[in-house]
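Single-structure report; data block below.
Note that the chains are named A, B, C, D and E in the order they appear, and that numbering of residues resets to 1 at the start of each chain.
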Amino acid sequence: ADGTIKLGLVAPMSGPNARYGAFSMHGAELAVKDINDAGGVNGMKIELLNADSQGTPVEGVSAARRLIDQDGVDFIIGDVSSSVTLAIQPVAEDAEVLLLNAASSNPKITYQAGVGGFKWTYRNYPTDENRALIVAKYAAEQRGFTKFAVLSVDSDYGRSAIAFTKKYLPDFKGEILSEDYYKEGEVDFRSVLAKIRDNGAQAIIMYGLADTTPIVARQMVELGIAGKVTLIGNGEFNTEKTIKSAPSALEGAVEAAAWLPQFDSPESKAFVEKFTATYNEAPNNHAYVHWDTVNLLAAAIKQAGSADKVKVRDALSKIKYKSPVGEVTFDDHNQARLPMILLQIENGKPSIKGAYTADIQYPAN
Amino acid sequence: MLSTIVEQTVNGIVTGSVYAIVAVGMTMIFGVLRAINFAHGEYYMLGTFGAWFAIDYLGLSYEASIVVGVLATIVVAYVVGQLVMRRMVGAPAESGVLTTLGIALILQNTIILVFGGGYKFFAGGYIEPVSILGFSLAQQRILILVVCLLVFIGLELMVSYTRLGMAMRAVSQNVECCGVVGIDVPQVVLRTFMLGAGLAALSGVLTAPVNVSVYGGMGELITFKTLPIIIMGGLGNVRGTFVAAMILGVAESLVATYVGLQFRDTVGFATLILMLMWRPHGLFSTQARF
Amino acid sequence: MAGNSNLSIRDLRAGYGNLDILNGVELDVPAGQFVALMGPNGAGKSTLLKTLYGMTTIKQGNIDWRGKNIAGSKSRAILGEGISFVPQGRCNFPVMTVDENLQMAAYTLRDARVKADRDYVYDLFPILKTRRATLAGNMSGGEQQLLEVAMAVLQRPKVLLVDEPSVGLSPAAIGIVFDELLRLHADGMTILLVEQNTKKAMEVAERAVILRLGKVIWDGLPKDITHDELGELFLTGKMRGETEAVH
Amino acid sequence: MSLTETAQQVRRRDLRIPLAAVLIVVALAAPFIGSRYITHSLIIALIFMLPAHGLNLLVGYTGLLSLAQAAFFGIGAYTAGLLAVAYGTPFYVNLIAAGAVSGALALPLGIPALRLRSTSFVMCTLGFVIIGQAIAKNWISLTRGDMGLSGIPKPYFELGPLSFTVSGTTNFYYLALIIGILATFAVWAIVRSPAGRNMVAIRENETLAESLGVPTWHYKLIVFMISAVFAGIGGCLYAYYLTVVSPLTFQMYYSTTMLIIVLGGGAGMISGTVFGSLLFVGLTEALRITPELRMIAYGFSLLVLVFWFKNGFAPLINRFWNAIGGAK
Amino acid sequence: MTAHLPLLEIKNLSKSYGAVKAVNDVSIHIDRGEIAGLIGPNGSGKSTFFDCSTGLAKPDAGTVVLDGQDITGWSLNRIAREGRMLRSFQKTVTFKSLDVEENLVIAGQMFTFPSIASTFGLGKMSRQRIEGLRERARELIKMAGLWDVRHQPAGNLSGGQQKLIQFASMLMPEPKLILLDEPMAGINPKIIERVVDTILYANKSLGVSLLVIEHNIDVVTSICRRVIVLDQGAKLVEGLPGDIIQDQRVREAYLGG
């Protein structure tokens, strides 16, 4: 129908993974509401359609199929889980529907997009390679760490971030003394932390889940290593909630994030305020990236001057989008070049140490 | 080296205590219904949510939140028990699987619907570390250990000597014969169910301070942790459950230390499978001839 | 007759689900009588006892017990009214010890006599005493049968419904069980005994009732029917030289 | 149960053949009747029907409640995925390999597991899924760990000089339909054979069957392997259809889904499993109209199923089927 | 050649459960074509003796030789299938949700099909074999007086009827030896006569040997050529039925009074 732009959102909304989907949904909803309240895009309102993926590929594909065939959407944002995104990619390609990913970190998603193959997949989310590099570099050069222990989530995100870390660590003469991965939902880290206490690591490289960081931090306090071993990596070390859980453990923590609530830009501040007012809780990273991706899409539609999916796609490839954290452009693999913010917790508050953008080195096929 | 092993064993025992309290409720429910309760972890989750709600919304103290969490769960268990579990007496194992999976979905997703899918932060409890035996532990963990011992002593006495305890065992063995001796089977089932769910909730509330994050889907993992324990302990066996939970806790702890945390969840089932090779009916099961 | 009768069954139709097994059973049992219920396999004897004990679906009819219709009541309520039941086949708690089984038998009773009764039962069946710590399910078939009879005795019922207590028992043990039934009867207990051991049943019972295809086809004194006539009734439902069965 | 019912049937004035013909026509024409979304849903139903058929042989016929199906499903998916991605072997080779590898691995897993009875067996089989996932995550040199396998090509056949590729949803549907029909027929043949009767005997009373000379151990092992073959084949189709295989394939959710299909449709009846897979997919897809309440409603449906349709839907279907088969 | 050997020879069989010596050093033999009785008080170890001889339980000591072959330690199904020695259970057990006819067909299957693989066949051969079994099943159903309920699920039958299915199952194949554990318990007197006739028929015409545990002493004396008496796990006496019932020890331990 003319007058509305149908936008599908595939995200886990039920089951254990709902804790990721909930924020994504709210972020996207807020952006859609703001855009519509402001009169829409080129005079057209956006209609957001939710579809539950439960975090499994089968359900994700069904969700996408339904959005495409039943609801007739031309644009899909999704999913949080990489394996779901990978499974939706060919579906979107087949149906020639624009798939904008906002939160999956598997590098393959864009290895196989753009010149890599899938023309309809775009990713507005940083790759872990850039992130791993700047964290390792900062930890070695600014903090002088050489002995590291790995404690990351056992998922493509945690595993690939560590794989990239290992690629760069030798450049900084760093070594890894122990390597552990935790399952989602894990609550007992005492054994691993005791091991780390005993093996003399200076920092724990952690690419993990936001809700697990407080547990680890508290157990660091319990084992007496808070303040002695530093957390580095990514896992919402900087949110108020996390810091409050164990201030002594998080003091000095180093994190590379695509965004953080404290980021000092008016748009970002406004978003945090509005989100908190609407949903009674502070937004997290997932909320932000979904909010931002809806805005990015709106910007592309505006630039294309029409909601025609081919035109929007072409606009996206050439876009210079001003996000709250800086300018976003897409490379020939449809991967966003995003600034990555590096911060350190000082006196219980995140303090920004710089923003970095880097190009991805794609493996030769 | 040796001190690490001792420390990890102590860690394992503390973890085991948490498992033990949840698992014993599950094993008792299995006893009377002959059904694996796939929704058991959801009562753990409900207890935690109840306590979180009491602290965050009602502004109650942690101690009061324990009571709120456990009571709220028992009320839910009463409703579920009246409407569903009572009718499962004598039903085949398969329908038990479907029913409890259904209940798990309902409870979990209702909580997500009401409180949102995101994770919450649990603020109460005694998280200050203390040092005993040269190791440092959160006070809360000592509390868990003590409560676990009390719960088991109480249950052991109850199962062996009280009328409800005897009736629970009777129901688990021969439902038809219960009618003959005058045991009110649905009522025994209901009470056992409420007791089991209450224990799961208690475990949830006690661990919440150290586990910090609270979310709707947290029960599922607990259910899967509990399953190998109740089998190892010999289904329906209170004492066996205690020992099995400790074995699993310590094994997990040692594996996490010496092999890698990523293999931790596998330990339960690997231990279970190895043990079943050696004793096909669990560590402590008793069973009658054909 | 109906006035002083204690247990009176009127036009009883009952069975399993939609399937009717009893097709209008009529029976009056005066207080204190010892009745033997007999009939071919599948006649509905066990179904009748189960129906009296509230374990089947009743379609129609009354079961009056002390002036109250108990048809449709729950087993537990019927037990509360003083009626006990020993079902056919195994009915004990297999992974409880003999002693615990006997405790369970007296589940609804909470008085001092329970303990004394248990000692009495142990004296009656010494084999149970030697096995008191054995799991019931591990005992031999006959030992379990004795245990089940013992459990019913412990409930001190006013009416005892007992389904084939002699199955699996040695001749010596059968003697003990029937003597005990006679003693209970002498103490005033009403007994409904289902038996295939017709010889023995006719010796002890005061009255014989024969069931066939869910109906009472013969009702009288044991001395009024010979063994061969009984066999004939079982097989054909008729006595030699008769055209219609007695009601 | 099913065995005895058919023995009783007397056939006369049969409306079943015309109805069956109509059903076949509908199945064949489905992609042209409904949208691509419907076709997609039918493909998902067919994919899950395969492991469910295997599970039905185990649960419904042999009385072994197993949660291992997702493990064999995963093994099949990985086998097919790895072969397709790394060696580019044709579809039918990978299909056979997926079934064969799953079936072969069921032997060493089944030998210890089948020594266990009832609930212990259930837990042991659940352990296979959890351990399978750990292996898929950590044996990175083989499985590529959490990165998973992606970009699995479209099913491609090569028969002598001929070669062709199955592309598009409609064509994939026909591929799945053919495999589904063959699998259903295979299950039918197994349960109608004397071995099927022995399986039911094991379900009813294992010791009694044993005493009558039935080598229950061998049968249980064989059925466990057959069920794994079905799961493996299903896993292969899954890999090809979704083009992605990740450690998430070893997921309890899949095992319970398969169980729900079998039990909801009616255990111990082939029509039950066929209907169950349609029912399951139909239900979960229909509930998408309300994303927030979807899983709650699904949970309630399971309760309704257990309490109102004690033996699943198959008995109803059977009654209907017999009713239109003319008076007895 | 082996004709002079007994069909079944059990030597020094023992089995204990904790302190209870359920079977204590019992040796017996069954001759070809013989019907022997095994009696004894409750708990004297008769059923346990069966369990240990047929592979359901593992004996602590002793050997079982069937037809010249040592079958000690064989599994229950192998003894049935290869040894052609069948047993019934004291507890009433049937395939509850299958009808009477199917119950009997199952009992015959493994003796009609040569291998496990062949049972997966659906061919003509397979169908013929099953048809043969069905016919035999119908004959036995008539014999047991179960004709009217032959299409009922076995679990819905009365206790006695189920016991009869168990007995009929034993006759589905043509075994060498049948061990019956209280086949007459709960059977009405008229049918007992028929069961007795059937046992005698199987013995005479089909050449089946039997060992029967039975508490119905009339039946034991009328069909058995030889009676073995167990008491407290050990063999008390063995002899002709007439002598046995006169034996003072047997009267005390078993018959009572």
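Convention: contacts are C-beta pairs under 8 Å (C-beta built on N, C-alpha and C of every residue); 3 or more make two chains touch, one makes a residue touch a chain.
The structure presented is a predicted model; accordingly, all values stated were derived computationally and were not measured.
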Third chains touching both chain D and chain C: B, E
Centroid comparison with chain D (C-alpha atoms), farthest chain: C
Identity of the chain that, by mean CA position, is farthest from chain B: E
Inter-chain centre distance, chain C versus chain E - centres from mean C-alpha coordinates, in Å: 29
CA centroid of chain A to CA centroid of chain C, Å: 74
For chain A paired with chain D, centre-to-centre distance based on mean C-alpha positions, whole Å: 36
Chain centre separation (chain D, chain E; CA means) in Å: 41
Multi-chain contact sites of chain C, meaning residues that touch two or more partners: 138
Set of chain A residues in contact with two or more other chains: 13-15, 154
Residues within chain B bordering two or more other chains: 108-109, 262, 265, 289-290
Chain A partner contacts - residues on chain D that touch it in the complex: 35-37, 40-41, 44, 137, 145-148, 150-151, 168-169, 238, 242-244, 246, 248, 251, 253, 284-285, 288, 291-292, 294-295
Residues of chain B that touch chain A when the two form their complex: 4, 7-8, 11, 15, 108-109, 112, 116-119, 121, 127, 129, 136-138, 207, 210-213, 215-218, 220-221, 252-254, 256-257, 260-262, 264-265
Sites on chain E touched by chain D in the complex: 54, 56, 75-78, 80-81, 86-89, 93-99, 101-102, 105-107, 109-111, 113, 116, 119-122, 126, 129-130, 151, 153, 169, 173
Footprint of chain E on chain C - complex, ascending: 16, 19, 39-43, 45-46, 88-90, 127, 131, 134, 138-143, 145-146, 164, 167-176, 196, 198, 227, 230-231, 234-235
Residues of chain A that touch chain D when the two form their complex: 13-15, 50-52, 54-59, 61-63, 65-66, 68-70, 81-83, 86-87, 89-90, 94, 106-108, 112, 117, 154-156, 158-160
